[in-house]
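Order of writing sets the labels: A, B, C and D. Residues in every chain begin at 1.
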Amino acid sequence: MSAVFQVENLKKSFGGLAVTQDVSITMNPGDRVALIGPNGAGKTTFVNLVTGHLEPDSGKVMLGGNDVTSLGPTPRVRQGLVRSFQVTRLFPDMTPEEHLALAVMQRTGRTGRIFGHYHSMPDVMAEVAELLRTLGLDHIATRKVSEIAYGQQRLLEIALALALKPKVLLLDEPAAGVPQSDTPRIEAALAGLPSDLAVLMIEHDMDLVFRFAKRVIVLAAGAIIFDGSPEDVTKDARVREAYLGSYANDRSAA
Amino acid sequence: MQTVFSVGIDALAYGMVLFVISIGLSVTMGLMRVVNLAHGAFAMIGGYIASYATQTLGFGYGVAILVAVVGTIIIAIPVERFLYRRIYGAPELTQVLMTIGITFCVIGIANYVFGPTLKTIPLPEALRGPVDLGFRSIAAHKLFAIACGVAVAGALWFLIEKTSFGVKLRASVDNAAMAASLGVRTKIVYAVSFAVAVGLAAFGGIVGAELLPIEPYYALRYMVTFLVVVSVGGAGSIPGALLACLLLGAIDTSGRYLLPEYGEFFFYLAVIAIVCVFPRGLLGRSK
Amino acid sequence: MKKSVLAALAVLALSSAAFADTIKVGVVGPFSGPFAIQGKNFKAGIDAYMALNGSKVGDNDIEIVYRDLPAADPAQSKALAQELVVKEGVQYLAGFYFTPDAMAVTPLLEQANVPLVVMNAATSAIVTKSPLVVRTSFTTWQTSAPMAKVAKERGVKKVITVVSDYGPGIDSENAFKTTFTAEGGEVVDSVRMPLSTNDFSPIMQRVKDSGADAVFAFLPSGPTTLGFVKAYNENGLAKAGVQFLAPGDLTQESDLPALGQAAEGLLTTFHYAVSHDSAENKKFVEAAHKAIGNPAELSFPSVGAYDGMHVIYKMIEATGGKQDAQKAVDAVKGLAWESPRGPVSIDPETRHMTQNIYLREVAKAADGTYYNKEIATFEKQGDPGLAAAK
Amino acid sequence: MAAIENTSAAKPAATRPNWLVRDLVGLAVILAVAAIGYFLFPNNLALLTRILGVALLVLSIDLVTGFCGVATLGHAALFGAGAYASGIAAVHFGITDPLLMVVVGAIGGALAGIVSGAVILRGHGLAQLVLSIAVVHLFHEAANKASAYTGGSDGLSGISPDPIFGMFAFDLWGRTAYGFAVALVAIAFVVLRLITRSPFGMLCRGIKEDPIRIRAMGASVQGTLLKMYVISGAVAGVGGALNAISTQVVGLDSLSFTLSAEALVMLVLGGTGSLYGALIGTVSFMWFEDFVSAANPFHWLTIVGALLIAVVLFAPRGLYGSAQTLLDRFRGDGK
């Protein structure tokens, strides 16, 4: 199987402080990878480097065999690298249906049209309906986003990413802030993600990580200290040290 | 060479006059985050009071300045209490609408009370007439304006950076809720900063009256200039405003000396260039 | 034929105005805004004329309908004129402080069968835009050109011109340059500065560097003249003996209290000074002071309005109150009378005023106020601007 | 707007005619108001025509400010560019057919939209406001300088448009001009309703609410906004051309900061983000201004200022926006 997503020797420092040191990751279609790490491990920086919001000092980001290192965030999205946000970023005055229709039309190159309406685009309507159904959002499809529950907003966040038909999906703490009662629905949504999609999830919640990921990568102080199966991660000495050791450090830093 | 010096002195003087008038706006816009288009209106009120105090009441220049600054602040207190307090944190466009409304009212009232003619504030003998600098002569009041600019910059810097009020102000600006929970009475802090800003406006209106004469449309005529200066400097930054005034003063003055026909182009192209390179202003805060 | 049909239509539409004994005159001017003081002067001039000559011509009552146009805004000007003609049924249009506003109205006149009496707008070309335009003010050429002769007489050889960079400024520069060069003088440099200029020091520096004996300046009356005159003094030009020459817009009477001592000794050429010494003017000033309220606010637009009313009264007399714009205009061609500013006449060809232009010097009166003191007269000046444009 | 979208999306098949009906009703209301204006003020058609010209400018600002969240105090640059383009075409190039002049105006406005959009979109917030001010001043100064073409500060006069379709001459009473203006505004309204509801319009609304999310969806924010600026420029340009045609002169005031600021005030007064708000804001401001300035030419500015303050205090979302909120609340109570 050929790699759909590769990061090679990525490095980034801010004013002498190395926040990402020589990180390399390879992912294949269908991969379910969780990226974890203690606070301040450099996860956010890593995400920004991958999505193109930050430029690395050295190293490469490859997407489906193409080098996208020099590209900005928007072209990377067009090439199939889609992210969700840790804190929901939705349009409060629009409905879920509109969100998804906009995403589908954007993907299929129709948002430049100054006339017409998605209601008269059967394929868009069908795809939106399908997504709404898959994620269980159809009953609130036409409510304003500002009026729906946070758990539903998180689901919409995932649906929105899927509507862009990504090759690689970067999920930034998909369950963050969701009440306990709603997490099963998020988990179900994650379980139902397309099987050929490569998913990289950044997550704190270890329960979710164990249920979802087939592979876990641990980032600490900007470097990968573990890359292996979920079963092994808790046994790894360096991981334990990073978490427990950093606990004390964290407090002094905060 | 002598010409360069000479134009440089003019630029310095003009820049400092701009600084004294605009710095109050930088306080309201940068620290209180209000797009205060009525700033010029307060400067104008100061000018009118000073003119009235000197011409009609026969006060001296210094006393008139004091009376005008205090008088303007007294006028501004109810305005702050009943109008500005409603637009703190409101969208920019709402603030624009409100402060333009206030400006219109002030213009209309000034026109009614003082009539449409130009008003002057007679200078004391010491500030009248030119001072010989050796290679050229310069108006004494311009030197006075430069001195005022330096004094205002220093005093404000001290107030904001070195006093407990300054600490409270900066805290309220960065995080009003947090400051309030720490016992800072943010409403009072805002009211006091507003009073300071208005007082500075009035002071600037008087000191700058020789260059920007007092008449009812003062408030609209120079609105854009003040706004441009503040945003080029970076709202809320005193050194930024100082730098912007000196820079824009230099561009404007040398443009008008070298190529007066294209003075306007010079000025606004420079503004566009600066704002594009420094979107937050020369020394703007990054938030 | 077509014209008479239109005229008939207009008469029909405006029948109330045509046959009633009240004749309306629509006056458009800046009654609010930065130029409100000039609009006030229009009103004062009109009020003064009607106070002195009654509000009746023959059997017809005269009624003035004012419309406010605060700044140069031709679209609004046309809308107001249209409203005055159609809704108010005015038989005469008058006023107009700014050139573009007057220009905007000229295409209406023929169809409306209404003459336009321009009481201020000073660009030469306005009268050429319609045969129904008469102007009772002045043109920038008319008031600027004599200054070149003054300069020559006073032995000035090299002049630098400094004008605001807009229509009237450029007119003024051309008028002075043309005349002064023809007289054998030399214009060493011409500076055009943006209208928004606040600080004139760099300009004065240029004047100094040019080595000219005199500076000829034009700025619109109002706040900037104050800064300009002060900068002239403060930068040592007055002391260095560089003479200050300008048309009278710079030292209009309503700005003099603010200019104060700084203006003393400035030389200007203009068509009217409030201080003009004649019986006609005494009568006028007395009436106008009463009308304007604050005597310090009286200045030149008032006399344009006063004479404008005189012309309109003559037109009404000639037409007997019937609406006939062409006849009305024809009636005042060549009309001559004694105005507060001196003897004047309407040039039959240009429909612009032929008048005396006076050289004045700002002087201090016995009561400590400043005034424009007339010290020389250029008699019967036409408008050189139209000739120059040809 | 969003509320309308809401209900329409609920049961697409059944309610799709719903917004169509609403738009038709809206158009009918506009035409009815225009007709009432014609019969109520038959002698004031010039003023009404002028209001409609400015309404096009305010609609055009609404496109970038209300629908895209771009703050601008320099939009008259686009309006004036349209006015001068059609005026210059008429005076110097003999294009005197009114419809052609409108097309020329739209093109002129669109070009100005590209230029000013390219500059203004480089900043945000206060910087954006200042850039827009700088742009309008540069346009103004350029027109002042190019007096050979523009007539400079004396204004561009001598524009004499042909009769529309060779039949309807522009008359003294301004009837033709008024009819022409109503037609242009009605067409612009319909076209803009379609555009704001289109996929492109949705994208713009998305940019206003969260540009970062839009980028994460793979859409170009700058490109989209620039495109909207061009559309907005075309609309403003039509307004400018209408002004040039109906008044037969173009003055520098049509490129001024003052006009830009006034138009923005009208928009905020009516309520941003809604075409109705833009229209209501323009009509109420200009009517009020005309009424008050005729009633008291010396102190009307104070009254207008007081009105603006009152609107901020009592109708913070603008006249239309606040009325709608009130209506929604009323409806909500009824449920």
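Methods note: a contact is a pair of C-beta atoms (placed from the backbone, for glycine too) under 8 Å apart; a residue touches a chain by one contact, two chains touch by 3 or more.
As the structure is a computational prediction, the values presented were derived from the model and not from experiment.
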| item | value |
| --- | --- |
| Interchain contact steps from chain A to chain B (minimum; 1 if touching) | 2 |
| Chain whose averaged C-alpha position falls nearest the assembly-wide average | D |
| Relative to chain D, chain with the most remote C-alpha centre | A |
| Rounded Å distance, chain A centre to chain C centre (Cα mean) | 73 |
| Mean-CA-position distance for chain C and chain B (Å) | 37 |
| Chain centre separation in whole Å, for chain D relative to chain A (CA means) | 42 |
| For chain A, residues that touch 2 or more chains besides their own | none |
| Residue list for chain D, restricted to those that touch at least two other chains | 141, 298-301 |
| Two or more partner chains touched - positions in chain C | 32-33, 36, 165, 194 |
| Inter-chain touch pairs (all) | A-D, B-C, B-D, C-D |
| Complex interface listing, chain D residues touching chain A | 2, 5-10, 12, 16, 194-195, 197-203, 205-206, 209-210, 212-213, 215-220, 224, 227, 231 |
| Complex interface listing, chain B residues touching chain C | 3, 6-7, 10-11, 13-14, 17, 111, 115-120, 129-130, 136-139, 142, 210-213, 215-218, 221-222, 225, 252-254, 256-257, 260-261, 263-264 |
| Of all residues in chain D, those that touch chain B in their complex | 65, 71, 119, 122-127, 129-131, 133-135, 137-138, 141, 145, 257, 261, 264-265, 268-269, 272, 298-309, 311-313, 316 |
| Complex interface listing, chain C residues touching chain B | 32-34, 36-37, 40, 165, 191-194, 196-199, 201-203, 205-206, 209, 222-223, 226-227, 230, 233-236, 239, 254-255, 257-258, 260, 294, 296-297 |
| Residues on chain A engaged by chain D in the complex (per definition of touch) | 51, 73-75, 77-78, 82-83, 85, 89-95, 97-98, 101-103, 105-107, 110-119, 125, 141-144, 160, 164 |
